[in-house]
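Same chain, two partners: chain A is paired with chain B first, then with chain C.
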Partner chain A sequence: MTDLLNRHSFVELGARQRAKALLDTGSYRELIDPFQRVMSPWLSRQGVVPQADDGVVIAKGTLDGLPLVIAAIEGNFQGGSLGEVGGAKIAGALELAAEDNRNGVPTRAVLLLETGGVRLQEANLGLAAIADIHAAIVDLRQYQPVIGVVAGSVGCFGGMSIAAGLCSYLLVTREARLGLNGPQVIEQEAGLEEYDSRDRPFIWSLTGGEQRFNSGLADRYVADDVAQIRQQISQLLQQGLPAAQRSRQADYYLARLAALDAAPQIEPATVRDLYQGERP
Partner chain B sequence: MRGLQWFNALSAGAAPVAGLPASLKVADGVLGEQAVRFIAVVPDAANRFPRARQGEVGLLEGWGLAKAVDEAIASGDQRPIIAIVDVPSQAYGRREEALGIHQALAAAADSYARARLAGHPVIGLLVGKAMSGAFLAHGYQANRLIALRDPGVMVHAMGKASAARVTLRSVEELEALAASVPPMAYDIDSYASLGLLWETLTVNQIEHPTADDLARVSDCLQQAIKDVQNSGVRDLRGRLGAVNRAASSRVRELLREQW
Partner chain C sequence: METLSFEFPAGQPPKGRALVGCVGSGDLEVLLEPGTAGTLSIQVQTSVNGAEQRWQHLFQRLFQEQTPPALNIQIHDFGATPGVVRLRLEQGFEELGHD
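Now for the complex of A and B:
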């Protein structure tokens, strides 16, 4: 009980507070902050009020004294959706971090992912920005770990779930959900029988943080606590690059999928058994 | 079946690559004098995953694309990779979400991006739909994107019906907006205005390419390959610069100033 009382929820923090909480005290510096008012050029003409930071916070600072850049998505603005400006902020920051490393500065990156994916009001520019983010993660990851954090409560979907899958390490909490397609869209495309978007326990059992961790699709499962999340990120950064990058295990996953009886509809336990048998 | 038609036309006489899911067509052929690898995702009515039988990019396709591209990287010869893009969507289904389709698509994007960074010219040839996650996994990591000019060639983040539902609009309202907001449009000319395409080409019979069509596309692919090789650039900066994508450049400039 005392443990619970001593906890400080990470999930309840906004993007800016999250980034501050992870960096060394006094080292936080925001790039293109809200006072510069670099906003979406596409939203107001569609009757949507833009936000001064376009829902993405880019913060530079240090963690354990080493350079770190954090890209934090604000889940409360437009569902954390990525448009042109927010997407370019993340891609551009990762590109500069890779450039740092080529110039001998060991900048690492942490992505705080609360996002439904592409912002549909900026559709193709959001999609293009996400392709840029994918490219930049793969580039930076050659030099330093890129850590994805899905804390909740929005979760991580769409093209940004692919970004999560590209990270060197992925950290989730019990409040996290991670999946390519949002439940509503799957129900719309495939029908209620296939996916009931209103059946919350069902959706959590398939895509929740605990299930993803127990299926080997995330690297750390952490309590919703600022200190514990910070400590896990610090540990992962100190580990350096992973021995095996999950998104490079095609042979392993193709073999596991070949071993699956795909005919019956799937249950969460089937996934855990299939993916957590023999490890590569 | 455009993807398959163009794959067959471009790779005629080429050696098919075995050991991949039936929904992937992969062959090592030549363009002019240049050895290249062609890759297409095609419908497979017998796909073990029922939600991926119509050319969608699903679990097997994502991991399979990764394998096909990794093999090309392992060859060590920096051979160009031609992604023939005709993908209606990612696979939407319970099995897909449960088994981590996001990770499968990440693997494909990962391999294409690493191929590009390793010096393989990667060219995306859009002959049909290039939708959302499917395009992110198959084509969007290319150094150069080439699109055929045709109403059936379209790039988008979500199908119209779903996009309307998610944004709480009718399909008619969505179409009206798309007409005045270029990134929301579904047609290839609006997409071209974003600066993401290297070239657009007109052909006579997109469904069944003629010898002329094939020659024109083949020539354009060779030019794109040479353009990549001569530039020495391995990132995606060549897509920046269009007026309709000015904010993407502006944000990068500001980040660099404040870094």
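Now for the complex of A and C:
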């Protein structure tokens, strides 16, 4: 009980509050802040109310003294969807961090991912921006770790789940979900019999943070607590680059998938056994 | 979606600016910035059509209790109830006081 009272939930914080909670006190500086009104030019035209920061907060500062840029997605605005502006903000921040590294400033990056993926109202522009984000992560991660955090409650889906997969390290909580397609999309394609998107325990058993961590697809599994999440991120930042990027181990995962018998309904334990095997 | 404009008499502009809320379901985002002395102007972009009178009454009731500072307020509303709107505005005024 005292444990519960002493906890300070990270999941309940908005994007800006999350970025502030992670950075050293007094070091927070926002780039393209909401008062600059760099908003989506596409939403109003389609009758959708825009947000002044387009749902993406870019913050620079330090974490335990290390130079850091944070890109935080606001999951409550349009499901954390990425359009032209928000996507360009994240890609630009990562590109500038890589540029910093080439100029001798060791800027690291943390991505706070609460997103359903591309914003359908901005279709191709959103997809192009997400491709830019992917390229920027791959560029920056040669110099410094790029850490993805999926805390919940939106989760991380679509093109941005690929971004999560490209990160040097991925940190998840029990609230997190990670998947290429969201539950409703899978239900629509596979049918209710196979995948009931309203069955929450079932959804979390397959795509939830605990399952992803136990399957070796995430590097840290942390409680929903600001102090613990901050401490784990700091540790990963100090650890430097991983011995091998997960996304470079495609051959290992493909070989494992090839060995899978897809005829019976797949259980969460099947996935864990499949991916855990002999770890690369 | 509708865009509405309002103007009210006001005092002096504050020093700082503030942002509260989020364009999430049943919520709104309020940006408060210093305006010209004597005038409070509000621009509302809302997902709910036909609610101009409701906004007018809400603002009137709030500002007749106390003369507001001179501000340019921009609101992005995603279907917030009058109670939520009032709470967010009061939160915004309080944040201005902190700077």
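We adopt the following convention: the second predicted complex is superposed on the first by the 280 of 280 C-alpha atoms of A that agree within 3 Å, B and C clash if a C-alpha of one lies under 4 Å from a C-alpha of the other, contacts with A are read in each partner's own complex, and residues count from 1 in each chain.
Keep this in mind: contacts are C-beta pairs under 8 Å (C-beta built on N, C-alpha and C of every residue); 3 or more make two chains touch, one makes a residue touch a chain.
Owing to the predicted nature of the structure, the values given are computational and were not obtained by experimental measurement.
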**OP:** Report clash or fit for the pair chain B and chain C bound to chain A in the combined superposed model.
**Re:** fit
Original post:
Thinking of the overlay built on chain A, is A:P34 touched by chain B (first), by chain C (second), by both, or by neither?
Top reply: second
**OP:** Please indicate which partner A:P242 is in contact with in the superposed arrangement: first for chain B, second for chain C, both, or neither.
**Re:** neither
Original post:
Who does A:E194 touch here: chain B (first), chain C (second), both, or neither?
Top reply: first
Subject >> Touching partner for A:E74 - first (chain B), second (chain C), both, neither >> reply: second
Original post:
Which partner reaches more residues of chain A, chain B or chain C?
Top reply: B
Original post:
Touch check for A:Q51: first (chain B), second (chain C), both, or neither?
Top reply: second
Original post:
Once the two complexes are overlaid, how big is the angle at chain A between chain B and chain C (Cα centres, nearest 10°)?
Top reply: 110
Original post:
So, A:G14: does it touch chain B (first), chain C (second), both, or neither?
Top reply: second
**OP:** Minimum C-alpha distance between chain B and chain C after superposition, to be given in whole Å.
**Re:** 15
**OP:** Spell out the part of chain C that touches chain A in their complex, as residue ranges.
**Re:** 1, 17, 19, 22-25, 27, 29, 31, 33, 45-47, 74, 76-78
Original post:
Given the complex with chain A, which residues does chain B contribute to the contact?
Top reply: 48-49, 51, 59-60, 63-64, 66-67, 70, 89-90, 92-107, 109-111, 113-114, 116-117, 132-133, 135-137, 140-141, 155-159, 161-163, 165-167, 177, 180-185, 190-191, 194, 196, 235-236, 239, 245-248, 250-252, 254-256, 258-259
Subject >> Contact set on chain A toward chain C in their complex >> reply: 14, 34-35, 44, 47-52, 55, 74, 76-78
Original post:
If you look only at chain A, which of its residues touch chain B in the complex?
Top reply: 31-32, 36, 38, 40-42, 45-46, 58, 60, 84-85, 87-89, 92-93, 95-96, 117-118, 120-132, 134-135, 138-139, 142, 158-159, 161-166, 178-182, 184-186, 188-190, 194-195, 206-207, 212, 215, 217, 245-251, 253-254, 257, 260, 262-263, 265-266, 268, 270-271, 274-275
